[in-house]
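Going in written order, the chains are labelled A, B, C and D, and every chain counts its residues from 1.
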């Protein structure tokens, strides 16, 4: 299957940004379970890695190539360090703007994918699950759906305790990434704040798919955000299932999430 | 600078074809000597490696990135083994069709480059110099120019002696690649035969740039083809200069060749 | 997890040979099911792709990274075209010597892996399943075991009919790869011939694991070779199971095969 | 030539660290100008990129492959973002420890290179020139020499003005990377502070090669550090020459610097 890795100068993060990609343009139809996905043009999926991760994670451990084939999706997987996909507020440190704007713009320029909101999805696992939620709500004109798996919705705990008790992140890194803990909940780090902004605009809000394993230490924070979405009557799907914080869970629920998101698109 | 490596299923050679690329879409203008090249859309250049070579040769030893920047060219460098870029005549063995048709078609499909004859050049060194000549003349509707550096125009010697005296190619490989020596000169392996076909079509023939070092054992065969072009009153430029079969020569004359070919385009 | 891709000049095939690798030297122990594999030094596994395949197949579609983690194996995946991993008999065309000798020698020189027969396994799927069998029996001092999945034991059919009826391989390619059909069964293309040579040496013969799906068109040829091994009282394990010629089958049985092969090593 | 790209989990920076490499283990001797370098085992060179740079810079724009061939050096080129190769003081942010300890340790573990101080050199350009100086002096037991090209010895200006007047770095990034400007000169960011520590240890101090173009805005800060080295009677070589902040300069002076450093080693 068509695949590769490339890099380009990204202005928002002042770095040569690396990304891997899989393109469903040489797929053999006999491999495809549901050929209806090939009756429309290929869609686009940006997939985000977790803390300490890299652009090949979704290829080597995850099923990026499988979902590209099965759902006729061009999949793009950037490497973005441990930024939590947040903007620091200055050129060179704006990772939200990178994944939400500069990367999809560049993909459209080079490959022609990510060409419309309706055909573009963002997903991720753990830190990347948070990133998918956050980016979709920060750039609601760019993404029709997000797939947030085992999301590191750490902000609640950080706001309350100033730290992440079950994470490998040192305290100083928490501070570097999230800034003053007292300000988090009212800032645009908080997906709830972004959700309110979306609603106020009276434009479509991205559909949200969330999944979390019942043995995952992030379970409570995910339930908390589900409750928020429920209270808001948001268009969302929340799933819990037996599982931990690993590829068995992410691969299974990426498939379920895409199935849900793309079924919505078909209507 | 934007660069990467990718692969896709190529039908003509029944393989996942690998290619590296450099894209002039994030160039800083202060690096560019002659900014006029950025007043037109980027051109396309396919660059072929030599015997035993690979897609990174023109990047690590050669100046692919430099010419991409200076001439505003998207450069694509395939790996194609020791095929001499010839068609074997069956699906799975058609390397001429691969570099002359399937690869540029795929590049156009994925990146939008190689979109017209006028903006597409093919070049190469040694076996790839032969390949550039051969491919341009075999697919004259695809390429406006070719840059043939230190070209392994081995066919003359093979036709006469059945072997390549100064090459690392074993005799059996010569036979596998070129077939019956007695038939070479009359076959479409021979660029002269292809040139006659081009002329007969009464359509534009690609412009040919050739360069060869005076210390290169391929000097005589290059002069022979130059004489042929001169006899045909072809549109060509032939340069000899001090030099051997190495990157010092190729990097200098790739630049000269592109300068010549693109000046023609500008008129 | 530690992974990469590299290339080097391989003399046997006169090409820059590409291979991907995964190294179990930065694995987190909590991911590992059976930690006993980490009480010995890491083993080595060479994994071969199928027809039209490439070095990333076992990473993107297959579970190379998973088996590297679970069994503490350094995994090396070369790209070798459609050679069937056979020697053509001249330098530049010797693919058996490449995967059986030059590649493991180079891996030992660069990484220190493949350092002994006892710790080195070769596996593959389809054409690569044949390649694993063939290479292990051609170089029995190099490999303790082979894992042959859905092996393209096409030689029986080719010898009898001169063609491969259910394959995408054109007739000319069959001839280029296998030579004269009448000579195949008596030549060193035939694993049975190699097996006899192994026995005659009175040195250890590699253990053979074979698996084939009951819906695979290669079923009969695999049963035929199993019967041969049974007749020879070889040390082998043969498994059939529901399945086709796809990654669902290969990923499941690579795991089973490694489990079998490594259990033998432990004794 | 043998080359590749790999990644591994680096603890100091809590990321999958990417690096490219070139290994002089398949070089053809006819390419080598001075064969004496092949009468000793291959040396090791870590090469650092500049601000906004990446691991392929020294391969695509620079002559990493050429110096690997000519000086028989294994060259390793990491990607490390815009960290200035400094330690932030917590796990996940320690880039000096990464390039000075974890990376060479990992290279030794995987490849056997960087196995002794005497055979290991660190070099770089611009931010990477500063990084080479800083790392060599911070880890003087690891490196015999450093090659610091057009070094971004920005600390003097930052200490005095709190900013970098001629740099693309936003003010906030300067603060993120260098911390409180008032404390820089007395901290271990300052190579002079590290030099004093080296001297106090009474162990060998790495030899220092510096080069800077006379048209480079960093000229004054480089002269200032040269004056410091002169005052200290350090073992160093400082060269100025016509040139700007570009690959023409870096490629020429990397060669000169290696020539100087390796001549010293030979004595």
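Following the convention adopted for this analysis, contacts are C-beta pairs under 8 Å (C-beta built on N, C-alpha and C of every residue); 3 or more make two chains touch, one makes a residue touch a chain.
Keep in mind that this is a model prediction, so the values were computed, not measured.
Student: Weigh A-C against B-C on C-beta contact pairs and write down the one with more.
Tutor: Taking the two pairs in turn, the one with more contacts turns out to be B-C.
Student: For the copies chain B and chain D, give the interface type as same if over half of its residue numbers appear on both sides, and as different if under half do.
Tutor: Same, since most residue numbers here occur in both copies.
Student: By CA centroid distance, what chain is farthest from chain B?
Tutor: A
Student: Quick check: how many Å separate the C-alpha centres of chain B and chain C?
Tutor: Centres of chain B and chain C (C-alpha means) sit 36 Å apart.
Student: Do you know which chain B residues sit against two or more other chains?
Tutor: In chain B, the residues touching two or more other chains are 1, 3, 7, 9, 56.
Student: Where on chain B does chain C make contact in their complex?
Tutor: 7, 9, 14-16, 18, 51-54, 56, 79, 81-82, 88-93, 168-173, 176
Student: Going by the contact rule set out above, which residues of chain C touch chain D in the complex?
Tutor: Residue positions touching the partner: 1-9, 21, 23, 25-26, 109-112.
Student: Considering the complex alone, what residue numbers of chain A touch chain C?
Tutor: It is residues 1, 3, 22, 31, 56, 59-61, 64-66, 246 of chain A that touch chain C.
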